[in-house]
Amino acid sequence: MRIKVINPNTTLSMTEKIRAAATSVAAPGTEIFAVSPAEGPRSIETAYHEAQAAIGVLEEIARGEEQGFDGYVIACFGDPGLFAARELTCAPVVGIAEAAMHMASFISDGFSIISMPYHALSGMERLVRTYGMQAKCRRIRMLDMPVLDLEDAPSGSYRLVLDECRRALNEDHSDCVLLGCAGLSDVTASLSRELGAPAIDGVGPAVKTVESLVVLGLPGRAR
Amino acid sequence: MRIKVINPNTTLSMTEKIRAAATSVAAPGTEIFAVSPAEGPRSIETAYHEAQAAIGVLEEIARGEEQGFDGYVIACFGDPGLFAARELTCAPVVGIAEAAMHMASFISDGFSIISMPYHALSGMERLVRTYGMQAKCRRIRMLDMPVLDLEDAPSGSYRLVLDECRRALNEDHSDCVLLGCAGLSDVTASLSRELGAPAIDGVGPAVKTVESLVVLGLPGRAR
Amino acid sequence: MRIKVINPNTTLSMTEKIRAAATSVAAPGTEIFAVSPAEGPRSIETAYHEAQAAIGVLEEIARGEEQGFDGYVIACFGDPGLFAARELTCAPVVGIAEAAMHMASFISDGFSIISMPYHALSGMERLVRTYGMQAKCRRIRMLDMPVLDLEDAPSGSYRLVLDECRRALNEDHSDCVLLGCAGLSDVTASLSRELGAPAIDGVGPAVKTVESLVVLGLPGRAR
Amino acid sequence: MRIKVINPNTTLSMTEKIRAAATSVAAPGTEIFAVSPAEGPRSIETAYHEAQAAIGVLEEIARGEEQGFDGYVIACFGDPGLFAARELTCAPVVGIAEAAMHMASFISDGFSIISMPYHALSGMERLVRTYGMQAKCRRIRMLDMPVLDLEDAPSGSYRLVLDECRRALNEDHSDCVLLGCAGLSDVTASLSRELGAPAIDGVGPAVKTVESLVVLGLPGRAR
Amino acid sequence: MRIKVINPNTTLSMTEKIRAAATSVAAPGTEIFAVSPAEGPRSIETAYHEAQAAIGVLEEIARGEEQGFDGYVIACFGDPGLFAARELTCAPVVGIAEAAMHMASFISDGFSIISMPYHALSGMERLVRTYGMQAKCRRIRMLDMPVLDLEDAPSGSYRLVLDECRRALNEDHSDCVLLGCAGLSDVTASLSRELGAPAIDGVGPAVKTVESLVVLGLPGRAR
Amino acid sequence: MRIKVINPNTTLSMTEKIRAAATSVAAPGTEIFAVSPAEGPRSIETAYHEAQAAIGVLEEIARGEEQGFDGYVIACFGDPGLFAARELTCAPVVGIAEAAMHMASFISDGFSIISMPYHALSGMERLVRTYGMQAKCRRIRMLDMPVLDLEDAPSGSYRLVLDECRRALNEDHSDCVLLGCAGLSDVTASLSRELGAPAIDGVGPAVKTVESLVVLGLPGRAR
């Protein structure tokens, strides 16, 4: 099975993290191809970035159809272009935000989402409602930091994220945290260990969901 | 990976169907153990049956913990005992109703559930709300026939189900149908073919979801 | 009129409290029979306890049908076995959680539920949604103490409950508190007095609701 | 116990029906005083009628406080003036629409409301949402007839109501019907018998609810 | 175009503020007639006041029909008599609460409502739900002060309102505040300036909405 | 005041209709500039079209900022790019779908949306939920015809739309219909006349809403 994992932004260090996260959970027969669009925003922090990024995602899907893929992952925790992407292919397309929320539903009574930057809150709220997760999502916690700080170790971003996750467990009474940014996919294991509770990023769940849909013979929406 | 798939009723022909459905989608390294409780209802058509069946499910989970399983599936489309089962094990436990609904969310804009018998409607309505699927589930269609007719080919049950699925696609404008009974897990492929649209039973999605949770290192709720 | 009030756990001191609370509000012609199942959990703190307790409740309902009762109360604030119990009898069956919430709706603009122990939160959240009380229930406050501390005066549990009720009035702006445990049915009056606001346990409301349904000739669901 | 049952319109034949319905279910020690305001609409078919009727209701509550009542019923299935009435008295005030819906919740998995006239639909929809009954109320069926036809036997109104109730059971899959007009309180028993399913008017449930609140010591909102 | 702006209470200083706020945004050809009913509550702080005030509003609408108006504004942030008023005229009738919430929806991702006095909270909650604004309204903040303090500069009410608005921006993460009282319509601009974020009163939005409906040829509900 | 009305597709006959509809309701001092992007889909029938069209909309907003506009209308009944557009300007940006729904709320107790083509149903459902209009929108009726048939008189599209509007009034009990396509903005008056009930297109409401926001001094979201 060949899965194309599309990082909708153009920051290649993030694409590498995503590739690593996807590969680490892929089934033996699954090949992961992680790509970024040639053009587009360097990080996705606004609705404007999402609209731009959607175009890149759709081009990668269209190109993927020629290359012959069995499924696609949109690896940004805003799922840009998701519903449009499903119109371009009969293969399943899964966003990492929807995958994280649905997967968390099986193990969590109530989760918090940790994301950034602050003004992306209302977009995240719309996403939670779109997926019917109002009852499961106890709180959305937006950090006041740019996404690309995650690519910059000295920024201390890891510590900020960890502290916010701790607050989520203690104050929101959540039993797990969803890491609302693909740039956090490399610290999932480390955060889980320090928290003593699951930290879930969406890349892994999305890859496993695509694999499942393919095996189950469940096609995407374009039919 | 060893997954215990629990048919909560005691009709062994149904357990066999479930085993076959589970095995047909399991990953190469996954071993499926399909069981029924020693005692319990022959089919699960009422809330009373569900309460009884939950006990059998919980005993099979407890026994499974001694036997050493990596995950569990509750293979009745009412998910009896689900939340209690999760308290007994650190391994993931997935119900086939929740798995079918969440999996369908990735490929469907709106689905119908076909189930039976008629008076189980309100229980099904509660389930849809519990999983936050009110916006996705366009309609629940309950057939006026006993569950065990599905085990009796001459009853004509297949034709009744097929006709109801057709009505779901035409009248509800659903793009796929969820087969709300594990006793239908052997006709999923045939129904999909005749309908020209996905018919989704829950056994396959639940097995794939358990596999995914195990690979992702996401534990069940008992921690 | 003969009403069977079923304490779903096996702690007899709690059954006595329940009997006293039920008797104190019963109409002149109403006879209260308070019972516990022979077997079952000593207290009901988990979904697993609830599944077990449901069986005891259903057996008491079935036995009640031979004994000839006019109605039933399930006296645990999780209403275990409620929907199944209604299938076994034409007499009304009322749970104390649903009775408390519906009765409070007539006098309250917004209430808080005080219950225990902490990990029962998500079950309580499901209950509130099942009864359509999301708009009325301002907050669920779970105390971090075992249920049976309520049977043990020196544990100081009364003071903990009182303090939490005070926080509910002050912080949640609720105008009354629902005592989410039958083990609190003996301190309802005392708490109301100290709070200067209604503290509502479910046993009284459930008994009055069964009496009302019988007088109104409104049968249970099994018809 | 003295309960004042207020018919918010000035049609005395309706007040008599309400008195009879209230008296027939009142407990031995309960005295029912059924009244109409001196002025107000002859029937309540519009929001404008409701606004006018609310004033009459509030005057009757204020007068009732001087007369010394233990509780009040507002006997129009739109509950005019309900929230304001509760500010005028420490005694409980119960509307027949809210009482009918809450009481039905204990015996019904899904009900239909039969009311009239047609253009009152949106007011009824708001009422269902105000009481959190969206999940319980399967459908509101408004008859295209004036309320006062119910006071006029030759109008054939009984037959129209009966037919609509039958459609509610058959088409909406409801298990009981709520009679959304106090003018139907005299045919509740007859309709139930002909339907073979509960027809619930609100007057009886409201009287029993006021009695219950008084016995439970649960005061109204004015404190 | 002639618009009648009805202050439902009898405090003329408030009517003057409303007139000024309405006039300041009216289109060149719009004539504003601001009135108070001859009788009614001096301020509207309770549901009882609202029921009384609704009568005055309806009388002003009826009189307005003889006087020949093109539209009406109900200038109390509880919209008393709104649905009834629409039955009396083919001209549009707009309440300032609904106008403020709908207008805010076009510029806000999440707003807070600042109103008073404290016990009016539940009425405000019902209003937010009636208009479908649950997802937009982040929090309702009720000040513990009487409405008429707003007419009394030395009371320090302005400072209290300003401080609460600041808390709304900082704690609720709202991007604008709705001033839930017509008595605040004279400080909208000043509050916006001090906050650095929009403070929206309802009088202006309601006038502009009536103007828009008239130009669009959209009649009121009475047809 | 200068308002830029952006037709997100490239069919100029539709842009002309939109310009006419906008101009016909604009206030005396308002100048309407109706434009189409240089590139983009000829009609917007899918989520893919919407993603593409959003880019054109955003470019027109960005260009508009240099040209100096006081506000913007996005004239496609899917509001493509709306939330992103608001990040690019301090001027108000209003979509015709949101404007139509909010404006209809002031005169309607329940409306139906008539749109096309069939497979755009789920996008329309998401839009209704995004704007909190679930309680107001009685039904979405999608015609099985391409959008561009509206530009082709002999296609008989007018008759199809009229018939569907009639069904909405009769079967859904809606009191007005929302025309869910800018291509219908030239037949609003004619449909209203033939129906005897308001047919509301979004272009007029959006222009009036932008004018109102500008007069009220309510800025867009970018601040």
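Here are some notes:
All chains are identified by letter, namely A, B, C, D, E and F, in their written order; residue positions are counted from 1 within each chain.
We adopt the following convention: a contact is a pair of C-beta atoms (placed from the backbone, for glycine too) under 8 Å apart; a residue touches a chain by one contact, two chains touch by 3 or more.
These figures come from a predicted structure and were not determined experimentally.
Using mean Cα coordinates as chain centres, the one most removed from chain F is C. Summarising the inter-chain layout, the chain whose CA centre lies farthest from the centre of chain A is D.
Separating the centre of chain A from that of chain E, both taken as means of CA atoms, is a distance of 43 Å.
Centre to centre, using the average C-alpha position, chain A and chain B are separated by 28 Å. Computed centre separation for the pair chain B/chain C is 32 angstrom, with centres defined by C-alpha atoms.
Of all residues in chain C, those touching 2 or more other chains are 86, 109, 122, 129, 135, listed in ascending order. Interchain contacts give a graph that is no line, ring or star and is not complete, per the touch definition above. Residues of chain D that touch chain F in their complex: 118, 121-122, 125, 129.
For chain C in complex with chain B, the touching residues are 46-48, 50-52, 54-55, 58, 81, 83-84, 86-88, 122-123, 126, 129-130. Chain contact summary for the complex, chain D toward chain C: residues 25, 27-28, 86, 92, 94, 98-99, 102-103, 105-109, 131-136, 175, 189, 192, 197-198, 200, 204-205, 208-209, 211-213, 215-221, 223. By the touch rule above, chain D contacts chain B in their complex via residues 109-110, 135, 173.
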